[in-house]
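Below: a set of structures, written as structure tokens.
One chain, subunit A, links the two complexes that follow: it is found with subunit B in the first and with subunit C in the second.
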Partner chain A sequence: MDTQLLISGVIFGLSIGSVFFLLAIGLSLCFGLMRIISLDQLLYYAIGAYITYALFRSTGSVWIGVLGGMVISGLVAFGVERFIFLRIYERDITFTMIASFGILIAGVGAIKYVWGLAPLPVPSPIGAMATILGTEIPVYRLVVIVISILVYVGIWAFLNKTITGKAIRAGIEDIEHVEGLGINVYKLFTTTFIIAGVLSGLAGGLHAPLIMVDPQMGLEVLPFVFMVVIIGGLGSIKGTLVSAFIVGQVISLGAIIYGPLAQMAPFAIMLLILLIKPTGLYGSKLLKR
Partner chain B sequence: MVNIFRWSWGLLLAFFCLFLVRVFLPLPFANEILIFAIYTIGCNFLLGRVGFISFGQPAYLAVGAYGTAFYLFYFGSNPFVGILIGVLSGVAIALLVGPFFVRLRSDYFALVNLALAVIMFYLFEKILAKITHGDNGLWFLTNMTSTPIIDLGNPSDFFIFTFLLAFGVWALYKYLDDSIFGACCLATKTNEDKLKFLGYSNFNIRWLAFVIANTTTAMAGSLYAVYFGFVSPEITAPSRAADPVIVTLLGGVGTLYGPIVGAFAYTGMKDLISGYIANWELFIGLLLVFIMLAGEKGIWGTLEPILKKLIFKKKNSTN
Partner chain C sequence: MPTDELLVVDDLNVAYGESKVLFDVSIHIRANEIVSCVGRNGAGKSTLLKTIGGFIKPTTGSIMFANTSLVGIKSYNIAKMGLKYIPQDKKVFSDLTVRENLELGSYATQDYNWDKVTEYFPKLKSLMERKAGYLSGGERQMLMIGRALLGDPQVLLVDEPTEGLAPSIVTQLQNVFLELSKKTALVIVEQNLSLVSAISERVYAVKEGRVVHEISDESDIKSNVCEQFL
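Take a look at the complex of A and B:
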């Protein structure tokens, strides 16, 4: 394995990991605060990608498409939260998992109905190449990585510096005390859910130029995103970031070593980590059923 | 053992109704319902009795199917032996992964199972491609020899065999439901600490339940393999991972006859809807959400109390 291949592999892994991170952060927040497993984040990811495609076709700019995707994903997430999740927050966790899977499947059906079955291409908004240590690397992948790190910093600042963010963090620790302090937790839930939806939409929009946009894309990344969340530990933002980059590296470097390994190796690693530490890398013991 | 006989009437009645399906509806449909019902009851048992939701049932289905397929494609020709091998391979994989999986909480369990299904998919599609022929699958319909009395190559004989097998499976699950083991399973779901206090091992009970459920699933897989005479990695595709969970919910979680009703409704709807619109996921998804919002009882879970009321009323009036 020569250096050039290795460097491009690492960058590829980092950019894949960034997308996974943006997706997983929503799932992680939803689990931490509301104790729901929100599989429908994968739907907002697909919606983000499709809106990016649609707006790119009409305006010619991918960046407008990504912005539009974020907005529409957030709106759809808001609607779903209002009409469905608000009624089932109190129920068991497996219950929300199944309901959200239903939403995901229905959404995939709707996407197939609107845009058809065929995969659609979205061109890369930045065609330039950068040279790192003699290796040519698409700048767009670097931009994706930078955006995801900015999002991490933003989320960190939001959770640590604003009142709403602090309330969310307190809610992850103990939701009943937060309610007891007179904070409207359902407002917090809605806020968190919309943030999660917007980030998923952003992930979809950023991922669209790297792959083809197709209706099953949500279901395809679903196992990987879950793996990221599990390895990192449900409810932990830092763990999600670390495990997203681990998974991204395993996928891309695994592919360099032996093709079929790319899809399987992450799962093997997840099994290993779960066997050693069933709560994930950064999962706290508080999050017991 | 007495408990089997107390409920045998209900069991006989249910399978009489199932036999009527064979009389009034086309054969492939009846076969598909039977296999699907066997496929689902494992998931139903795990979800309703043990409290484990499993998105990974296709993994065990595929193991059973490929166990049968390898035997029929490479080694022998007797489909009965093939089914036996499929079931045994199901037992083996469940015994192997069980100790690791049943330690986990329900939500992690679901995801780890899903991961196993994905691993199986790539295992059969890519890594073992030399033996499994990748996406092309294994075709062995012509390899199967016809056996005396019940010829599995013949769909109507296959129905009889599957019917008897399904009857056996339901009798087993009925027995389990009434036995102490069934009660223990329910206890691990509701209050594991208390069960531990009573001197039972949560781990052993869960492991045994896991093995039983997944053996049934593997059996459904080997039945699929023999019925179609063909196996491809598509059987464990991640997009189909939720099928058994959907059918379980549709029929009614934790009820004995839920899987039959659910399989009937699901297969029927699939055939009906796919005739009208191509993308029937939309409908299934909305149905799933609707079931969850309506109170997660499913069809049979809603019907059962009503039927019981009717029957008891009749009994009282005759007395």
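Take a look at the complex of A and C:
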């Protein structure tokens, strides 16, 4: 394989993996703590991208758009958690999953109503190119990778160094024991849901300049994000990062080797990993409800 | 009914779906009293403690704690009010250190005076930085009781605390419970009758979801009258 093609493929895979990580981390935390499969995170991802587009059109700055996308996604996530999930946390996991899918579909409909069906372009905020081992790489893709690693460090610090983060980690192990200590677990749920929504919005905003923004964009990444969460292990942040980069590389390098592999190979990798380690790479056997 | 009752459970009925588990259960606990509940596995003892702790909603009946009804109150608020449930599974937060486990115990009530914990369980002092998942069964039980003590609860609901523990640890826990009862009332579900007879001031015998006997005579408790209910 051509070295230049390989290097650009690896960087492409890392940047795609970074977006998957930002999106999957919310799903993983929501399942780990609240035992809900929060498909509506894909809506906040689309909202992040559309707000980035809209604010870029009005201010001329993609970065302002990304920040605005994070804020609006976080606010929508907060509203959804307060008005819908708070009432159904106690219900069966399939009930909450169907409810979240309903929210996603309704949200996609609202996006179509506001912005139309046509895909919309968002330009890259950084046009510069960097040279790595003789290969020209868009700096923006490197920035996306760096941002996702910074988010990983930030989330790690939050979960390990703050009392709220420690309570969330404890809740992932056993929520009933956390309640037994007098800790209001519903506040933890809300905090986690907002963090997930903001990160999904960030994923959408950062991804927007790399793709065309369209109403179905959340549904298009759905299988890959699921794969990332499952391969990494439910509730594991480190696992989510590692598996996001694995899936990104498999898609990117698979496409270089043989086009259809980009779609097929990640599923094969997921099946292989689950056969060897059914809990995922970093999944805990302790998860219970 | 005496006026110094701290916790009064009256005509409590609990069901898991269609399956009824507790039938008209009535118990009462005074301040600084150790009350044990004995009975066979599946008699409903743990369900009783979980219901008092707010983890299970009763179908009918009342639970009064310091003249406040606990029915309908979330379990974390009940814990904050001073009534803490210590489950029998000895599940500590295994991914967190002993220190972090205690921090969570302090979080809700902002009581960071850990001296009272290490006073009862000095061993925890040397284990502060150890992940709780690596503790022995006895150490886990110490940690669970220790973190429940933070916030100075008025009642501790302790579910089978000595199950699977070495005799030396059981003796240590026995002394701790006696010491704790100077400040706190304890409701203990236990199958270890020697512990029950050594620490209990009253005993409720639970059979098939009903309280079938209340033993308050000290000589009856000491003479292992409860054995017939196991």
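The rule is short, and it goes like this: the second predicted complex is superposed on the first by the 287 of 289 C-alpha atoms of A that agree within 3 Å, B and C clash if a C-alpha of one lies under 4 Å from a C-alpha of the other, contacts with A are read in each partner's own complex, and residues count from 1 in each chain.
Here is the rule we use: a contact is a pair of C-beta atoms (placed from the backbone, for glycine too) under 8 Å apart; a residue touches a chain by one contact, two chains touch by 3 or more.
This is a predicted model, so every value here is computed, not measured.
A.B. asks: Identify the partner contact of A:Arg57: answer first if only subunit B is touched, second if only subunit C is, both if each is, neither if none is.
C.D. replies: It touches nothing on subunit B or subunit C.
A.B. asks: Name the contact category of A:Gly102: first (subunit B only), second (subunit C only), both, or neither.
C.D. replies: In the superposition, A:Gly102 contacts subunit B only.
A.B. asks: Should A:Ile84 be classified as contacting the first partner (subunit B), the second (subunit C), both, or neither?
C.D. replies: After superposing on A, A:Ile84 lies in contact with subunit B but is clear of subunit C.
A.B. asks: A:Thr94 contacts which: subunit B (first), subunit C (second), both, neither?
C.D. replies: The answer is first: A:Thr94 touches subunit B but not subunit C.
A.B. asks: After superposing on the shared chain, does subunit C or subunit B touch more subunit A residues?
C.D. replies: B
A.B. asks: Just to be sure I read the superposition right, which of the two partners does A:Met270 touch: subunit B = first, subunit C = second, or both, or neither?
C.D. replies: first
A.B. asks: Show which residues of subunit A lie in contact with subunit B when the two form their complex.
C.D. replies: Against subunit B, subunit A makes touches at 37, 84, 87-88, 93-95, 97-99, 101-110, 112-113, 216, 219-220, 222-223, 226-227, 230, 234, 259-260, 263-264, 267-268, 270-271, 274-275, 278, 288-289.
A.B. asks: Name, in rising order, each residue of subunit A that touches subunit C in their complex.
C.D. replies: Residue list for subunit A touching subunit C: 163, 166-167, 169-170, 173-174, 176-185, 284, 286.
A.B. asks: Using the touch definition up top, name the residues of subunit B that touch subunit A in the complex.
C.D. replies: Residues of subunit B touching subunit A: 47, 53, 100, 103-108, 110-112, 114-116, 118-119, 122-123, 126-127, 238-239, 242, 245, 249, 278-289, 291-293, 296.
A.B. asks: Would you pull the subunit C residues touching subunit A in the complex into a rising list?
C.D. replies: Counting only subunit C, the residues touching subunit A are 53, 55, 74-77, 79-80, 84-87, 91, 93-96, 100-101, 103-105, 107-109, 147-148, 151.
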